[in-house]
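Please find one structure pasted underneath; my questions will follow.
Per-chain residue numbering starts at 1, and chain names A, B and C are given in the order in which the chains are listed.
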Amino acid sequence: MAATAPEPDDVPSDGPWAQAWKRLRRNRMAMAGLVVVLAMALSAVLAPWIVPFDPREMERWTGALAPGTRHLELCNEMVVERGKAPRPQDVPTAVGKAAVDGAAHVWRIEVQDEVTTLLRVTVDGGKIQQIGEGGKRHTTLEIAEDEFIRVKDGGAVVRVPVLAVGGVLPAPAPQQAGRFVVMVERVKRPPEAKRTVEIALGTDGKVTTVTSAGVPVDGEMRVRAENVRDTSLDGARIEHSHPLGTDQEGRDVLARVLFGARISLLVGIVATFVSLSIGVFYGAIAGFAGGRTDVFMMRVVDVLYALPYIFLVIILLVAFGRSLVMLFIALGLVQWLTPARVVRGQILSLKRREFVDASVTLGATPWTILIRHLIPNTMGVVVVFTTLTIPAVILEESFLSFIGLTVLFRGEPIDSWGALVDYGRNALGGDGERWWLLVFPAAAMSLTLFSLNFLGDGLRDALDPRQKGRG
Amino acid sequence: MGRYVLRRILWMPLVLFVLVAASFFLIRLAPGGPFSAERSVSPEILANMNAKYHLDAPWWEQFARYVGGVLQGDLGPSFKFKDRTVNQILANGIGPTVMLGAIATVLALAIGLVAGTIGAVKQNSVFDYGSMSVATFGMSVPNYVTGPILVLVFALTWKAVPVSGFDVSFALWPMFVVAGMYVLWRGAEWAKSGLGSVTFARESACFWLLVLLLASCAAVTTLVGSPKLILPSVTLALPFASRIARLMRAGMLEVIGQDYVRTARAKGLSETTVVVRHALKGGILPVVSYLGPAIAGVLTGSLVVEKIFNIPGIGREFVEAALSRDYFLVLGIVVLDGALLVSFNLVVDVVYGFLDPRIRYD
Amino acid sequence: MADDTPLLRLDKLSTWFRTDRGPVKAVDGVDLEVRAGESVGVVGESGSGKSVTMLSVMRLVPSPPAQHQGRVLWKGEDVFGWNARRVRKFRGRECAMIFQDPMTSLNPYLKIGLQLTESIELHLGLGHHAARGRAAEMLGRVGIAMPEQRLDDYPHQFSGGMRQRVMIAMALSCDPQLLIADEPTTALDVTIQAQILELIDAQRKAAGTGLVLITHSLGVVAGMCDRTVVMYAGRVVEEGRTEDVFASPRMPYTIGLLKSVPRLDVRETRLVPVPGTPPDPQRLPSGCPFRVRCPWAEDRCAAERPELREVQAPGAARHRIACHVDVTTTPPRHDPASFGKVNP
């Protein structure tokens, strides 16, 4: 009828994918989710160029710094020698840059040397049992205002006003079950140990002179960061700040979160690919074969559905090692059941369509029909399941690293978001004073999962409008 | 109905067997034995220990021995705790786990069902938007994030509740008994006299609501009496409450749009009767079918929550056992959790059959 | 109550739905009367607003999103002014409704017995046992064998026709004064349709119940209804005694409808469908909504909306139409075949 000219909206002039994209664009939450997910993925990929910090580099002398706190830019141990150009890793970044800019500079470091005494602290069941200093035993040991204690070798600073038998030795001192001994340094910084180190850099980038308290030094000069009171380059303090703070080992939280995103997203994508591949092929074969094969294959799925899966994943990881590949396999094995069921249903209805008969008449083999015609037609479902499976897998991976099954890469644990949350939870402190260690990794993870879920829901609605509003 | 239940019961041992076999062979296939970590052990002692636990026997004999033991209720020895058997360890750990799981399940059901129903009946209201936003949040954010955040806010910053530990007190239970008696008495009143225009005596929905109400009373009394359980229970319950609320709301909305609800209204029934008698049964079905996976989720969640809040349950035991390759303990926990899960699934299936007559008479 | 007060009177009833693309008038100023014991047939294509009109009477159109204008008078009282309690007494007790699809209109999770007895207990104040007795009696009356046993069955154990019988028993169980049947046979097998209609007619006559029968089948109306109301695009376009409407239809739409169904009493072999399709309620043509399909349409029809007006009918019976044209004197202006090209 001429009276109702169809609106351009209703014309199916585009393919189904273009239409789905149109519907998705109208869904504001899903689009916001898409933007967040893309931003997160992008910053994870570009992490090394976004943050100037290495997630594993420890600035131990700082301890946990609140977000945005400005502090001296140092490196753990600064090494200079007259007549040599300083190596970049031996001096602060600002000094390293200044050395190669072709001008002369003066780098001054105010040092206050420390006097240390070694303590032997025996801990049993979380409580201090013994405090030994040389031959003496203490029951209580007050730590004065100008003193602090530090775990030897580990370098982590422990902030307690008093050490007492029966009390606790808080993190970052090692916290393990059972009886063990921690070697602790008690550090004192007497005022008379103050001195100024002055390093002159020439135009060729080499160190021209090094003086300590006015006395020239020949040969190597080493200064440990924890003894530095102040430092300046040409009279200006060398400072920097960590936008999201640092953890108790002095590692940059932003770098840790972004590098954690890498592993979390990588595991999410690869394990999803594994599980969907298994699911689609299993479901397609069951649906296409039909009859007894189908019944048997679906019964297997029923049995597997009833299993408490995460237990098997844990056993798998513990038994075969916590490598990345094992993790992909273990998590991929968990998530394939639902896609298998749905794809089977789709194939069952697709194979009764005319185009299948047409292909059969044209002499196509069953495999060609399955791979050329049937499986491509289930791609809508696959896309929806991809966006819904990725967050599920990220959740599971984080769960595993949270309970202590961190992925090992060349024997080193890689900290994904779950491990960061676990670390942050343990490092909160008695009044939650180090909140940023928990809040930022938790926020990054929640935001990503939230966005992925919204995107998945939006895609489901866009690709299958009839299902809208379910569950 | 009988055949339906029977079929479900016959299904149970099969699932359990697959579970035990899968776990057993995963562990046996793995390189390295339980004692390979103990460096100081000499080869002779190792051989002795392997012999003691029949680890030198062929795999099928080991498997047969294990399954035989399980059938007799013996879950074997623990490698790490050499003075205790797996049975003893599980007997100690199951109390806290089941207690916490039960409280969390009851809380999740009570909060989720009520919020979902109100959200559906008062669709697009402030309550609807508010509760659904919270539910979407609760569903997306895992409990190993919410748990520490709750600790940070309520235990460390606000100091309203203790941080961790496990300490149950039933001191307030006399109060619960009194409250329960009151609820039962009111229930009996309703049954006799009716509420509004409905006599509640024949409402099966009302019976279940009453059971849930009593269970929530018990859960809340326990929580008030033992504040250490509050945060773990809330952490464990939150994702499930959220999911249940969303499922319930979607289910109720679908049912409320059905023709038979319009028929019920056309009969002149009050809105309460329409919702409680005509809409609830159909609307709750998605929630019931979700309960099986939910229990699996509660068991998984207990691994996390017991770690965060330092609760001596089997969840924490499992993680430690897995990390130290205490095979029989790992297997024992898998068997126990699997049995819990499978029997709960049976209960859920039977309840589903009771709710939906079309399945029952299939 | 004065004798001439109609049981049900709709006074310029309109029902609007707010949608994303603006308001949609599903019912547009409907005037209608039903007297006690009278049977009225409401005829129209699907989407013409027949069902929404009657659901509005029962206040079963959820509002919001729907909005009503005009009045519905039950024995002179305004239904829209009633409180919830009064509405509940009205529904089921005074005015009962049978719906189109018996497969979905019965609650699948509840026994038939409960679904029957709940309104009996509520409206007639009977105890449980008395209500069961009454329910069984009603089931027996609508022709269900072994009614006592079947009370404990679930809807899925009944066939479609049997379920519609249950619905009839449910609607009539509280002796309502008016029964609204919304296409009660559309979803049923053809063989059962006649049985169900006969059952409704017999039961209502026996109890002296008024009837509003919503249908798109003219044949059904001819056999069962005292008066006929024809609706188009949410409006009443013709209304009168059934014999008058059928013998001398005055509105072009009714004429078209009558030509499109086979009749046994007229020796005419060719059936002519009504050209075109029903209009989109969101984009109604100006003036008379039927004009784009009407063979008599003239310029005035586009400019001015025709109001319902009285026309001459035999025996001084009321016969009203909403049309500018007098079809008895004017010949059609268009060839029906050219209708697709008429420009709105």
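Convention: a contact is a pair of C-beta atoms (placed from the backbone, for glycine too) under 8 Å apart; a residue touches a chain by one contact, two chains touch by 3 or more.
Just so we're clear, the structure is a prediction, and the values are computed from it rather than from any experiment.
Engineer: Find me the chain with the mean Cα position closest to the mean of all the protein Cα atoms on display.
Structural biologist: It is chain B that sits nearest the middle.
Engineer: B-C versus A-B: which interface comes out with more C-beta contact pairs?
Structural biologist: Result of the comparison of B-C and A-B: A-B.
Engineer: Which integer distance in Å separates the CA centroid of chain A from that of chain C?
Structural biologist: Averaging C-alpha atoms per chain gives centres 66 Å apart.
Engineer: Suppose each chain is reduced to the average of its Cα coordinates; what separation in Å results between chain B and chain C?
Structural biologist: One centre to the other, that is 52 Å.
Engineer: Distance-wise, how many Å sit between the C-alpha centres of chain A and chain B, to the nearest whole number?
Structural biologist: 31
Engineer: In the complex of these two chains, what residues of chain B are touching chain A?
Structural biologist: 11, 14-15, 18-19, 22-23, 26-27, 29-31, 136-137, 139-142, 144-145, 147-149, 151-153, 156-157, 246-247, 250, 253, 286, 292, 296, 299-300, 303-304, 307-308, 318-319, 322-323, 325, 330, 333-334, 337-338, 341-342, 345
Engineer: Considering only the defined contacts, which chain A positions touch chain B in the complex?
Structural biologist: Of all residues in chain A, those touching chain B are 303-304, 306-312, 314-316, 318-320, 391, 395, 398-399, 402-405, 418, 421-422, 424-425, 428-432, 435, 438-439, 442, 445-446, 449-450, 453, 469-471.
Engineer: Per the contact definition, I'd like the list of chain B residues that touch chain C in the complex.
Structural biologist: 197-199, 202, 258-271, 273, 277-278, 281-282, 355-358, 361
Engineer: Spell out the residues on chain C that touch chain B in their complex, using ranges where they run on.
Structural biologist: That would be residues 58, 60, 84, 87-93, 96-97, 99, 101, 104-110, 114, 118-119, 121-123, 128, 154, 156-157, 167, 170 of chain C.
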